[in-house]
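Same chain, two partners: chain A is paired with chain B first, then with chain C.
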Partner chain A sequence: MSYTLQFGQVTGYLPYLAGGAWISLQIAFLAFCGGMVIGLFGAMAKTFGNRPLNRVVSGYVTFFMNTPQLVQIYFIYFALPDAGILLTSYEAVLIGMTLNAGAYLTEIQRAGFESVHRNEMEAAETLGMSLMQRVRYVVLPHIARVLFPPLSNQYILMTLGTSMAAIFGVEELTGRAFNVNAETFRSIEVFSLTAGLYIIVTLIATLILGLFGRYMFRAKMRLY
Partner chain B sequence: MLARIVAEAPEFFSYYNVVFLLEAMLATFALSAIGCVFGFAAGFFLAVSRRTTSHFLLPLRTLTAAFIEMFRRIPFLVTLMMVFFVFQGLGLDISMFSVALISVCLIATAFIAEIIRAGLESVHRTQWDTAAAMNMSLIQTLRYVIMPQAWKIILPPVFSFFILFIKDTALASQIGVVELTYAGKVLNNKGFSAALVFGAILILYFIISYPLARFGARLEQKLAAARNS
Partner chain C sequence: MPQLEILDLKAAYNRQPVLENITLSVEKGEIVSLIGPSGSGKSTLLRVLIGLLPPIAGQVHLDGERIDYGDKRTLRALRDRLAIVFQQYNLFQNMTALQNVTIAPTKVKKRPAREVEEEAKTLLSKVGLADKFDAYPDELSGGQQQRVAIARALALKPEILLLDEVTSALDPELVNEVLDAIRLLAAEGMTMFIVSHEMGFVRELSSKVAFMADGHIVEFGPPARIFDRPEMARTRDFVSKILRH
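Here is the complex of A and B:
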């Protein structure tokens, strides 16, 4: 029943773990950007698209929202080689996370698209704006303020979600924690340090996103 | 890829594999259902304790806020590993399922507490003040004034969190809990092609999650209608 905490052995690995946190943030950022592009086109297709296109996008969103990200990445990493597509673990995780994020971000952005009033879209159409112009000059400025809080929330959740990259051997924060654990066997210390780093990283991310949202879009956001 | 799936399918869907998969499905469902029921009870307690005003309870409020903020910012995988190694360090011999259940309860408590807090705050301040002016205790205020209005706002997000959580419990396979993802890994290691096994696992998750998601959407619509009328 006795366990003596010895942080001395693992504090030396702190810079190594912090480097992992940086990689975690990178993966989350890349996947989020990819997901935003998919999400924007998905939301456009769902709002303005014709029926077949709508069906396809809905199917994609429903499927990816109702299955776990982990199994999706398993499928991409282990099953696609059968079809001749060989991916490194980093690529597989990135593609899996991007596709998964794309589904969630489509749904978030679609809600924003629907909040734009019909009259404004019709007015823009009367002015002879193309679809891309309407989205760029009418829809996006409108919804940026409303959508910034849920989108930044999604980004924080995705930062936490990157921890599953460790399962495929990507050396991000959790992956490096597994490595340090294997070297030192101070498991509780290593993982509490990792948890602390995750808390710090997400707190900083929340603060930066909150300040950005408040001053750029006048969004109502909590800073902590 | 397709030819291999067709060739292996009859062997894959043998009686024992199907039973194994169904049991694993049940474990996945139980893990998140028990976690969410516990999380709702504990989260309610935490959310209410943050609304107390007594000076003696200040440490309780601080601890609650710290607990909620902490567990909402630690990935599930790391929580799982922490709980796993803490129990190992204490020398307690408990099953992997219990380890996963404890971590699920911790995380669900933190997330649901935040949902319930938002729900309680959605009731206008004046109602709290009126109840206080009528000399109602905190319990009475909640029972007769706040909850009748707040539960419609609390229920839909709690339900969608539950559905989200069914998919997050896939990570419990990493410490060896026999649930759906772990069943997939076992069958894959037995030699079935990954496309067949993980395709089947994806479909099984979809079968659990999709009807619940549809039900959740309907629930949300009904409650929204009830609120506006």
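Here is the complex of A and C:
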């Protein structure tokens, strides 16, 4: 290979790129949290809801799980302004990723709802707990324990998925990598550095999630 | 006036009738046992009473007041007064024994945590689990779990306790510790519906026994009559088979 690696030209951009990684993390975290909330209500609707509600949620999930996320964000980016809602590209990406995550997390959490022993739910019901109380005290602790690994995976996937934001001009890690590449033309160096930062970000997240999960498992999810 | 009166009750699973023409009444402090072959509707009757399976016809009166099983508020009020213990214990796996007992009084009844906790400890001690407050269900034996379940049911101070084959899932040597807990309650005058295959226990404790088959009550009367002088051929057949071993 005749190419000579010259990292010296790009290392100066490291803080700039790290700042981009921080934005990536923000988008992933916010979209994941939003998606978890949507997913919780979606899963509740699918498990306990009546038929029309079930249909609506299924339609939402089917749409978002069977179209590319990029297309979804494009749609939001271009369609919502027509409806009078002006969005920055950051907002459009965040909304798109949240809705997309909501669909996946609906399915993941629904599986959790279904794996709660019907027995425990019945016992809770006969003790006079309302549906919300049953979810809060019986389903969620169970879901947290059983679904922790798949939820962590989803979170990592979403962190990597934020690179899509670059297409819309959001200056997250990949977006900033584009900028540095345009200035330096040291593509291999720029993108290997970028990949390295993604690895660091996801490894740290995996580590934190893993420790958290292990603590929770050992503690068997304290209730209060 | 009977404490609980069931009139011509009917229930179905997916349009398949599972209970028909159920009529019986219980006075305060009485213990009614439901016996009969599996699939005869004994457990279903308890599930209907606690509102897990809405009846499709008939009436249930509690202290003379008709229970509307279609109304959520009535159901919640009902579950203050009736409690059920299940065959499989159905404890909350993510909570300790103590939390299992305190959760309903604190979260449903919104009572002060400390007061509830004291009561819960008393209840658990009463069923012989004074040293297991902080144990999780999977750290307890079946008999211990079932006793936690009984304490949990009692924590809401029910007027009537429904016991659904509470010893059927237990190893034989653990049966007695649970039966003893029930005997204690009987001595305190708790009204109870007991579904059980422990015939000696049923006979010893019951005020009345209902023999059920195919969703009907075939015969209803004091235990001495049901076990020694059954009038119906089906009862006689069942009793003779049960008592033979």
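Keep this in mind: the second predicted complex is superposed on the first by the 216 of 224 C-alpha atoms of A that agree within 3 Å, B and C clash if a C-alpha of one lies under 4 Å from a C-alpha of the other, contacts with A are read in each partner's own complex, and residues count from 1 in each chain.
Keep in mind that, in the parts below, contacts are C-beta pairs under 8 Å (C-beta built on N, C-alpha and C of every residue); 3 or more make two chains touch, one makes a residue touch a chain.
Not measured: the values here are computed from a predicted model.
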First (chain B), second (chain C), both or neither touched by A:119: second
Contacts of A:188 with chain B and chain C, given as first, second, both or neither: first
Of chain C and chain B, partner touching more chain A residues: B
First, second, both or neither for A:128, with chain B first and chain C second: second
First, second, both or neither for A:142, with chain B first and chain C second: second
Partner chain(s) touched by A:214 [first = chain B, second = chain C, both, neither]: neither
Chain B versus chain C as contact partner of A:177, first or second or both or neither: first
Partner chain(s) touched by A:63 [first = chain B, second = chain C, both, neither]: first
List of chain B residues in touch with chain A within their complex: 1, 4, 69-70, 73-79, 81-82, 85-86, 88-91, 167-168, 170-171, 173-174, 180-181, 184, 188, 193-195, 198-199, 201-202, 205-206, 209-210, 213
Contact footprint of chain A on chain C as seen in their complex: 50-52, 76, 79-80, 83-84, 86, 88, 90-95, 99, 103-104, 107-109, 136, 149, 152, 156
Contacting residues of chain A [partner chain B, same complex]: 1, 3, 62-63, 65-72, 74-75, 78-79, 81-83, 156, 160-164, 166-167, 174, 177, 187-188, 191-192, 194-195, 198-199, 202-203, 224
Residue numbers on chain A that touch chain C, as the complex places them: 117, 119-120, 122-130, 133, 137-138, 141-142, 145, 220-221, 223
